[in-house]
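Chain lettering (A, B, C, D, E and F) follows the sequence in which the chains are written, and residue indices restart at 1 in each chain.
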Amino acid sequence: MATAPLISDEAASPEVAAVFADIRATRGTDFINNFWRVLANDPATLKATWERLKEVMSTREGGLDPLTKELIYVAVSVANGCTYCIHSHTAAARARELTDAGYADLLAVIGMAHQTNGLATALQVPVDEVFQV
Amino acid sequence: MATAPLISDEAASPEVAAVFADIRATRGTDFINNFWRVLANDPATLKATWERLKEVMSTREGGLDPLTKELIYVAVSVANGCTYCIHSHTAAARARELTDAGYADLLAVIGMAHQTNGLATALQVPVDEVFQV
Amino acid sequence: MATAPLISDEAASPEVAAVFADIRATRGTDFINNFWRVLANDPATLKATWERLKEVMSTREGGLDPLTKELIYVAVSVANGCTYCIHSHTAAARARELTDAGYADLLAVIGMAHQTNGLATALQVPVDEVFQV
Amino acid sequence: MATAPLISDEAASPEVAAVFADIRATRGTDFINNFWRVLANDPATLKATWERLKEVMSTREGGLDPLTKELIYVAVSVANGCTYCIHSHTAAARARELTDAGYADLLAVIGMAHQTNGLATALQVPVDEVFQV
Amino acid sequence: MATAPLISDEAASPEVAAVFADIRATRGTDFINNFWRVLANDPATLKATWERLKEVMSTREGGLDPLTKELIYVAVSVANGCTYCIHSHTAAARARELTDAGYADLLAVIGMAHQTNGLATALQVPVDEVFQV
Amino acid sequence: MATAPLISDEAASPEVAAVFADIRATRGTDFINNFWRVLANDPATLKATWERLKEVMSTREGGLDPLTKELIYVAVSVANGCTYCIHSHTAAARARELTDAGYADLLAVIGMAHQTNGLATALQVPVDEVFQV
């Protein structure tokens, strides 16, 4: 159903193979998920996207922890209606030990945020001065 | 610019006044932000929205901490393009001691998520079996 | 702030003037709102959009009444975050005698729909067989 | 394909069972659709969502009728691209005796609203003074 | 899975048959894709949509070429998360001789635009004066 | 109104100053637009975003021309409702010699695409087999 073919390990160019190898080394697993296999149709975008993702999701001093980042990723993906992204980042959050209570909270906040977004937009609520930088 | 008037304390019905009082008591401040003042045109929706928000944003055992919830709220609001919500929840996250590095991380993840959402949707990437429950 | 100039009556070409005249005759008012004045930069799109809008919003046997159509219009505009459209169609609904209770209901349903949309999308709820044609 | 399991009647906790019983009594049918069965993984969100939905969709004096509310619900769901919600609320509107002409009108308005939303946003049309409260 | 039945050639009313005939003549193929077969449940919307689409996608002096129009169509469809539209307009762009390098560019720009859209919205960047008309 | 301060040349760290210098050299102008000045609060994201943007918008053999890329950028930004992005990329397209007829076509296609996206999503039109890879 994809609009471009999945690139297998056999069909990978050296440039693609190098990115796949880095994904495997970074994540400590042999598994390459479909997103990267489809993106591999354009090695330049594959490489740029992976390298930026690796940097963004890695931990920097004083920054957010990996689980929090995955929760933000899920929240954006739900709002954008991206089926693939919802599945992959919910799985990633679970792999980072998201508890059942944490997942319940994630869903409750997502639902609440959509509701108040809808109401604030419908009412065109003016921004309070104290919220401005 | 709102599509309905802001309800002042003087114009508040007893039902609205009771919600405003609970907002003040729960948050420990006299300030009522515009969202609630506009919503107050319909006391029933004001009350239901506030009570659910209070419950969702309060901490339950094993659940997410208040700052993480605000970050999720910001992420949803950005994806939905809700100007009011972006301002109010960014301010709320700052009030919950979001650091500069944490805010930088929030933005980086939001940017990355939008990019990969766009790519995954454009390519209609099929969901990997391992991501399904 | 528009990305193209507003076309005044004086600057209108004969083709644009004819559409403006039809808007005035159809609506029984001399007022031409900004949407049409900006769209008038392209007479072909102005004409096609106005003629289709007039047809869609007119009443056909067994079809929806004018107020219901405006409420649907507001709901779509909120979901798309279109500031101009929210203002103009909320005003149009008010002009078609939307009551305060009706407007309160409109907002309550919009808020609820956004919340359950968010939850259903987050959970990727499978469609029940009975809902399929 | 859901990101959480469907909760059967047998697996329902007493709190979930009570909500399911209220859904059945309110709707006069034994059928519980998947949305509630997935939401039941978090009894607190299930209960809050159902109780608010029941209130919002019930008729209040001077408010909107049930069919109009379902049409608004469909319109929001289309704009948000929520597959589940489009199916379930289109079915609900049909069950509330939406005619073929009414459904045709609903679609025509939804299409028109998306088109003019896109144009107004692209052109950043300034809001006319008369549309402001 | 559609919310309305597909209308076959046999089931087509004269009004629908005339539109189908025009689609076939304009495109030089016997194939009628599902979008038109579902839209055919409402002959008035089918006719208005097809005639406007034909006009918009045809070439006018000094205007955009057909391939560029299809790329814009894909970009909008991705942002709106419209699965059907992504598939049909990606196929249409391919039929208009979109190269692999061109498709790679399309995806790269779509990904980049979503990322900077997310960042600009999150930061509520004020519009520079030079960008205003 | 931004949620973070604009970074002036005087306040720029050496890392930020280097990116600003590259923007000026690449574009052949002294002007740095607000997007980069706000993004400069996080030098890492500023640098990564600028370098990827520069690569994506530059011309590669067999790829899309610069004007077409700007049109795609505008189309995505409209669908996402990003006011800043609509203004800046419409200006960029104009600077790349977008004609009035070309801009009219861009708007007409954007409007049409939103309309048919709304209709295809509302009707949940199944993807034709011929459109699948």
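Please note the rule applied: a residue touches a chain if its C-beta (ideal position, glycine included) is under 8 Å from a C-beta of that chain, and two chains touch if they have at least 3 such contacts.
Remember, predicted model here, so these are calculated numbers, not experimental data.
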Query = Out of curiosity, which chains are bumping into both subunit B and subunit E?
reply = A, C, D, F
Note = More Cb-Cb contact pairs, comparing A-E against A-B, go to A-B
Inquiry  = How many angstrom lie between the centres of subunit D and subunit F, each centre taken as the mean Cα position?
reply    = 34
Note = When centres are defined as mean Cα positions, the distance from subunit C to subunit D in whole Å is 20
Ask   = What whole-number Å value describes the gap between the mean CA coordinates of subunit A and subunit D?
value = 27
Touching two or more other chains - residues of subunit B = 1-4, 44-45, 49, 52, 76, 78-83, 86-87, 90, 100, 104, 106-108, 110-119, 121-124, 127, 132
Message = Per the contact definition, I'd like the list of subunit C residues that touch subunit F in the complex.
response = 3-4, 41-42, 44-45, 49, 76, 80-82
Task = Enumerate the contact residues on subunit C facing subunit A in the complex.
result = 74, 78-79, 81, 83, 86-87, 106-107, 110-119, 121-124
Residue ranges of subunit B touching subunit D (in the complex, touch as defined) = 1-5, 44, 48, 52, 55, 127, 132-133
Ask   = If you look only at subunit E, which of its residues touch subunit A in the complex?
value = 81, 86-87, 90, 100, 103-104, 107-108, 111, 118
Residues of subunit A touching subunit B in the complex = 1-4, 31, 33-35, 38-39, 45, 49, 52-53, 56-57, 60-64, 68-69, 71-73, 75-85, 87-88, 90-91, 99-102, 104-106, 108-117, 119-128, 130-132
